[in-house]
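These notes open a run of structures that come right after.
Note that chain A is present in both complexes that follow, paired respectively with chain B and with chain C.
For the complex of A and B:
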């Protein structure tokens, strides 16, 4: 029974020219977004690869320098784009692409696309995710709003039911038929994206990418299914197609426009972020309380460090220390300043996470938010991936600075500011290589959205169908 | 005697009105029972109760001996329903519509069999492969009849089926009903059409304000007498 009605819905829809025209437009948008996303990915990734290679070469082949000069010369970490990010740019366009890694300072990522683009980017970008999250639900609404109301208006529902079919069977059959139609629109773009991802070079292909892609596609399939069932249920609960359509468009506006904005504003209101000027001032004040690597060595903290070393090496003057006190003081200053920077960065990150959490929990009110978070997470373009990169870059910066301080400590004498070490020394340092975290890590970060999406699935399937059972036929 | 279609003190109340006031009715196999009445008299309510689309407030409706309210799915096996305006699915052909509704009733017919049912119902052979969206009302009603015939239903419930049909189509429809009746199908037809009732009906009932006020064998009355009787009950001055 279900198969027959599903087939009828599929055939009827394919023969509906208005719907087919709409579907073709959405499919073309989807294909265009895939190709544009891929082009953007290729361009940005090539630029970042080239830039990373250039700075790595420049660092390794740098001229003869004092190690601390080299620490200030520093290097750059360019954030590689995640393979699936061509489907969902997420926050990538607004977060920085590179971090300058130097001694004593923890710089934030700079040179985001938004910084380098016109104000038009604020209108949003035509990405595959945008089409999947916003336009496909609209297409589903236009496809399904008359699922039951048209049958009621024309009287075919009574004929259907008089054949011995239950309301629930009709509903599931319609869901099956519409799912097939939606698959017809979405599948070509998804297949194209998969073919581009796995059939062409230039991508970081691994099992993890496949897992991410499957989770990405799976999340959207659940999302579309939720919208299809929801639309069918709303249609069943109304007597007229026009009122069902208005109700569904209201739900779409609420889910895709109002709740996301409201949850973001609520998050920003509840958890206020400090200004950059305030944060810089706080960091500067706290760093000043520690050992100044460049200081004269007259302050109490430097004196205490000196006395500690005298005691350890059983000597009475800096000159008699078996290690270079300048390097040790630099290392101590670096450790302190890094700790201060990291604490403030963690505090700031925590505030952003709390803001994001409001939006994540709003997924229980809105499947759009659930899929948006999951989509960004699987695409490696969310806030957590950005922070992960920042932390990796910071870890590298700290190790680089301390490695150079160690060279100063062990290979140069106290007070030696003239010696220049050859570029062979710099080649001892491995270049920065960023490994994107595993899909499981990304999924764990969005477990609330994952649960919310499946809660919606259960809700519309169970409660929705119970409501359909109570639909008025006559 | 076993009746195919039966109502015992069947009553339906809504919040502010009584739509059906304790209907008692028995219809046998091969009988055509025509129910006349004004809009809102309770004709459609009666059909909806037999179809199980609404629950009775009291009393019971029976199809082939099964109480409808407690055997909603089971009784559908025995009945077919044709509404006032058979719309069907406009993007499907007549044959596809019939194939769909037949498959829902558990019949998987070949194209030849589907064609046979449609042509038997009076649909021109060249129309069966055209989309129903381009059919006249009469043609759609014929597909509706084909759906009922192909289901081999024991009971046919018709809700004002000739409303809006031209005289020729209406006449053809009557012939189809008489054929079905001769094959043993019990037909319950709610209608405004006094002339058609007299033409095809075995018995004619008159319903007023939810009450079956009179039932007459069609053979006992000519068309004029039936009209007068009906108008009397409707309190319309002659």
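For the complex of A and C:
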């Protein structure tokens, strides 16, 4: 009986020409979004790869220079796109693509896509994730709003129940039938996306990307299932199709349009973001309390450092030290300023995390937010991946500066500002390479959304179905 | 005419009795008020932040005065002194924040080469800017159409489904009058709310009372009329409520999300912006290359641009500030073409949007709002240009000290130029947009009329 109800829903949906037309439109949009996403991914990735290659070559082949000159010359980190970010751009269009890494200073990530776009970009971007998050639920609503109301309106529900099945069984049967229909729309696009991903990476595709892709697809399947059950439940609770539909559309608007924006805005209102100018001024003030690497002033801390070295090497003057004091002072200054910068950077990301937490917890009110965060996380286009990249760039910057300070300490004499080391010296430094963190790491950052998604699954399956039992059949 | 008012009166009674509609209307009203609150607090915050920049500049000057009590080489000041180029919000910005959250509204400047400083970003939470601003423009552009859809999707179909349409038509009134009266009632309600919210926003935000008051209100009225036109067209198809709801939401989705997203893709492909990364790499290469080049070569190049300083003496020794700033400036000169190209690329992208927004009325309206509020991309580009001019004036101020080798004393700070820029509205865009908007409204109502004539009214 249950199987035949499911089959009936499946077949009658396929016969519905209006639904078929909508499905084809959604499928086409999905395919278009895949192609468009891949194109945009390739363009940006090629741009950034080329830029990274250029700066790496420039650094390795720099002219003969004083090492500290080289530290100011610095290098750039261009953020590579994560390989499955062509499915979900996430925040990538709003995060900077290039970080200048120089001595003494932590710079902002500049040139986001949004800064190079007109306000049109604020209407949203055509990505696979957009279609999956917003359009498929709408399709599901259209598919399911009449699940029970139509049977009530035509009087067939009573006949059905007289066959000895319970309301709950009918509901599950319908859910099964509709799930099959949705799978039919979604599967081709998912397969294409996977094929493109594998085609791109070749056979040496890492297992990690596969895990990310599976989690990505998995969370969407749960999300669709939640919407199917939700729609069937709402349909069962209403007497008329039109009221069920209006109710469902209202839920969709609230979940997909209003709450995401309101929660992000609320977060920003509750926790004030400090300006970059103020942050820089604070950093400057605190750095001034430490050792001045360039050593124009004679301060106590420099003096203490000097005495410490004298003791260590058992000498009495800077000239007699076996190491170059300039380099050591520079390294001490760098260590201090980096620490101050990092403290402020961590404070800032902490404020952003607090702001974002409002949206994360709103996932318990709204499955759309849960799947959006999970999807961004798996695509490597969320806030944590961005911060991870910034921290990696900062780590590289620090090591580069200290490496060059070390060269100054060991290969140059005190007070030597003239000597230029040969170009080969710069080849000792490894270029900046960014590795996307593991899928497990990405998942732990979204544990709240993950729980929220499964809470929704449980909520609609248990509580929703319980409500169905109590409905009256007029 | 009397029948018309009777119909309106009963629509009002119907509306009052329908709790769902009442809640929807009140929700929209609150969303509008929140939008106004959010917009004004956001702009106030930006204004406060801008005001705080003056304090930072003063602190920096005090610090330098203490560091160099007897004055010093202007090169030291140019290196350690920071000042700001600021983009003050227009008084209308709180109604439509536009791109003001994505693009920095101030730029920290030193006398060093401009191109390494011009594109530094403000602290931005990417999730927040991704989600966008809940300002009045958002409420009007996105949510008001949804309210109109909620009020109008079953304007005719509900009478059929409840079986009251035959009763109504048995009276001496025609179908057009019924639909007309129903639409009029809803228009009065929606327009009343939209205009009320707009006026509240104008008063709350203390906007400058100029031509824009009339422009804003006309855009709001026309935009609402456009969506009523859509409702009119859909009602003319004489389908059931479910079909109407899906169709109208489909139109909304198409116009506010899908078409804009597709246009965005088209523009990105048509007008790629590879200049940014190229520019940032090249300016560093040229500026740092300055250290390795013979000083004479650098100075000759610089003097070719600034012949007024040519007579200055030959540079002795390892380092001189005037040489340092000369090669910094030559770094800017070397990428001037790329920088111009970048700005022109941004302008071209905006112009493409202006051409293509005929395809989506919401995009057109958002463009008008942002143009009125001076919060769109072109006003950011103007700010970049203004900041560039400010940097020029800073160089002009410091060059006499540097090249005549005059000591920079504590009395000289007050003469340093300060920057102020307020984004101005772009009326050309507003006019063009209004014209297009009016045409869209006419078009959609014409189609509706045509359909009402063509499709026979059925009472079932």
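Methods note: the second predicted complex is superposed on the first by the 468 of 474 C-alpha atoms of A that agree within 3 Å, B and C clash if a C-alpha of one lies under 4 Å from a C-alpha of the other, contacts with A are read in each partner's own complex, and residues count from 1 in each chain.
As a convention for this text, a contact is a pair of C-beta atoms (placed from the backbone, for glycine too) under 8 Å apart; a residue touches a chain by one contact, two chains touch by 3 or more.
A quick note: this is a predicted structure, and the numbers were derived from the prediction, not measured.
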| item | value |
| --- | --- |
| Fit-or-clash call for chain B and chain C when the two complexes are aligned on chain A | fit |
| Touched partner set for A:159, first chain B, second chain C, both or neither | first |
| Partner chain(s) touched by A:72 [first = chain B, second = chain C, both, neither] | second |
| Chain B versus chain C as contact partner of A:265, first or second or both or neither | second |
| Chain A-centred angle between chain C and chain B, computed on Cα centres after superposition, in steps of 10 ° | 90 |
| Partner chain in contact with A:229 - chain B first, chain C second, else both or neither | neither |
| Touching partner for A:96 - first (chain B), second (chain C), both, neither | second |
| Which superposed partner A:132 touches (first chain B, second chain C, both, neither) | neither |
| First, second, both or neither for A:281, with chain B first and chain C second | second |
| Chain A residues touched - chain C or chain B, whichever exceeds | C |
| First, second, both or neither for A:15, with chain B first and chain C second | first |
| Gap in Å between nearest CA atoms once chain C and chain B share a frame through chain A | 17 |
| Overlap of the chain B and chain C footprints on chain A, listed as residue numbers | none |
| Residue ranges of chain B in contact with chain A within the complex | 44, 48, 51, 53-54, 73, 76-77, 79-89, 91-92, 96, 100-101, 103-106, 131, 144, 147, 151, 157 |
| Complex contacts: residues of chain A adjacent to chain C | 29, 36, 39-40, 43, 47-48, 51, 54-55, 58, 63, 65, 69, 72-74, 76, 78, 90-91, 93-98, 100, 107-112, 114-126, 130, 134-135, 138, 142, 145-146, 241-242, 245-246, 249-250, 253, 257-258, 260-265, 267-269, 272-281, 348, 352, 355-356, 359, 383, 386, 417-418 |
| Chain B partner contacts - residues on chain A that touch it in the complex | 1, 4-5, 7-8, 11-12, 15-16, 154-156, 158-166, 473-474 |
| Of chain C, residues touching chain A in the complex | 20, 24, 31, 34, 38, 41, 45, 49, 52-53, 56, 59-60, 84, 98-99, 102-104, 106, 108, 116, 119-134, 138, 142-143, 146, 150, 153-154, 157-158, 161, 240-242, 245-246, 249, 253, 256-258, 260-265, 267-269, 272-274, 276-278, 280-281, 284-285, 288-289, 291-292, 318, 345-346, 349-350, 353, 362-363, 366-367, 370, 375-377 |
